[in-house]
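As written, the chains take the letters A, B and C, and residue 1 is the first residue of each chain.
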Amino acid sequence: MIENKEKSTIVLFSGELDKAIAAFIIANGAAAYDHEVTMFFTFWGLNALRKDESVLVKKGWLETMFGKMMPRGANKLGLSKMNFGGLGPKMIKYVMKKHNALTLPQLIELAQEQGVKLVACTMTMDLLGLQKEELLDGIEYAGVAAYLGDAADAKVNLFI
Amino acid sequence: MIENKEKSTIVLFSGELDKAIAAFIIANGAAAYDHEVTMFFTFWGLNALRKDESVLVKKGWLETMFGKMMPRGANKLGLSKMNFGGLGPKMIKYVMKKHNALTLPQLIELAQEQGVKLVACTMTMDLLGLQKEELLDGIEYAGVAAYLGDAADAKVNLFI
Amino acid sequence: MIENKEKSTIVLFSGELDKAIAAFIIANGAAAYDHEVTMFFTFWGLNALRKDESVLVKKGWLETMFGKMMPRGANKLGLSKMNFGGLGPKMIKYVMKKHNALTLPQLIELAQEQGVKLVACTMTMDLLGLQKEELLDGIEYAGVAAYLGDAADAKVNLFI
């Protein structure tokens, strides 16, 4: 029964590659242990869920500017340390490939396959002017109330 | 009975506007659900609790320097990303106003009205030379032991 | 009986002095309350566990470069704010000494004395090319599965 499953939640607030990778490795690990996992993407964390390609949607100039300034999707994120103007992420991706580690897009795909619930924070979407068409398919949309409902039932709650 | 209330704790370690906003949105949401919420402000997070105006207190030169270098209060915090020398916070405040979102000072006031316990870390106050007169009224003062006591009883514990 | 002990876990992902100090203060506090505490060091957090001195081990050029670029041990970490090219950490260390606060190396030693389990993330070690000889003695080695096992049993789980 679903009620007996362990539950875990992760808030991904940060928009950096290394933190997103850590979040998805933990989420996928927990899902592999049959935890019910919810990831809640808020603020800069939402950028990990953006589609690679530019999506034509109508928005104001400020929202357009936000959209252009923020990294578009998992492949474009920088590092929280040693970013070196984009060289750092290349190095990390290189060593991950060398060790046959999953890339961030692959980790996201695996999470979706394993039934990890990916939830985009609707308040942040409003503020930054991000629209559903610009985010990955198969994700959910909710606010802080839904997150708190999940977190109150969970044993492991992380803010990353 | 108070013993049956769900409990939540948030450590606010970071001194950035975006993280402080996220912390208070979660805290206010939990309080709205009738959770007993404790926020513990440590290291740079303490700056969110500083009064806007300069308060005349006696302190050594190093403490005075710390006091001058660190942002004085919720209105002065920078962003963790896209700060752009202070332009970023202005943009975020602009879009939040446009969407009628509460400002950080309003979120703090709401938290106090809802009975969220705001606790300043006394060890950090000692280290950085911050004195009670410089912090908001109506907050509490405690150390890591008090935080751990609350956290051990809580279901949702976040470090932000 | 060990089964009845409260459990706490801390993931130290960040490689900064201030965050490492906060993590160890919480861990030592919890251990003093007789919690069973596990600290899991991943990504940049691993640098806090590196030995001070250079250790001669065979590694590829990229791993050697990573090793040289990342801070070698608890004494070399920078600050997450107000680093000022290394002046910030000196100031923090100065005020901590003035207040007789434990240094980070002393906090790590105390954690080991109190039986806090320090676990190095083996996946990160592989990626960054860090070898056991380069890390402090008396620590353990494990992956995300072991962390999740501990976290699922714990009441306080923090990601720092």
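As a working rule, a residue touches a chain if its C-beta (ideal position, glycine included) is under 8 Å from a C-beta of that chain, and two chains touch if they have at least 3 such contacts.
None of the values given here were measured: they were computed from a predicted structure.
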Can the chain contact pattern be summarised as a line, a ring, a star, a complete graph, or none of these (other)?
-> complete
Do the two copies subunit A and subunit B share over half of their interface residue numbers, or under half; same or different?
-> different
Approximate Å spacing (C-alpha centroids) for the pair subunit A, subunit B | 25
Could you say which residues in subunit A touch two or more other chains, in rising order?
-> 155, 157-159
Any idea which subunit B residues touch subunit A in the complex?
-> 6, 18-19, 22, 25-26, 29-30, 32-33, 35, 80-82, 91-92, 94-96, 99, 101, 155-160
In their shared complex, subunit B is touched by residues of subunit A numbered 11, 13-15, 42-44, 62, 66, 69-70, 123, 126-129, 144-145, 147-148, 151-152, 154-155, 157-159
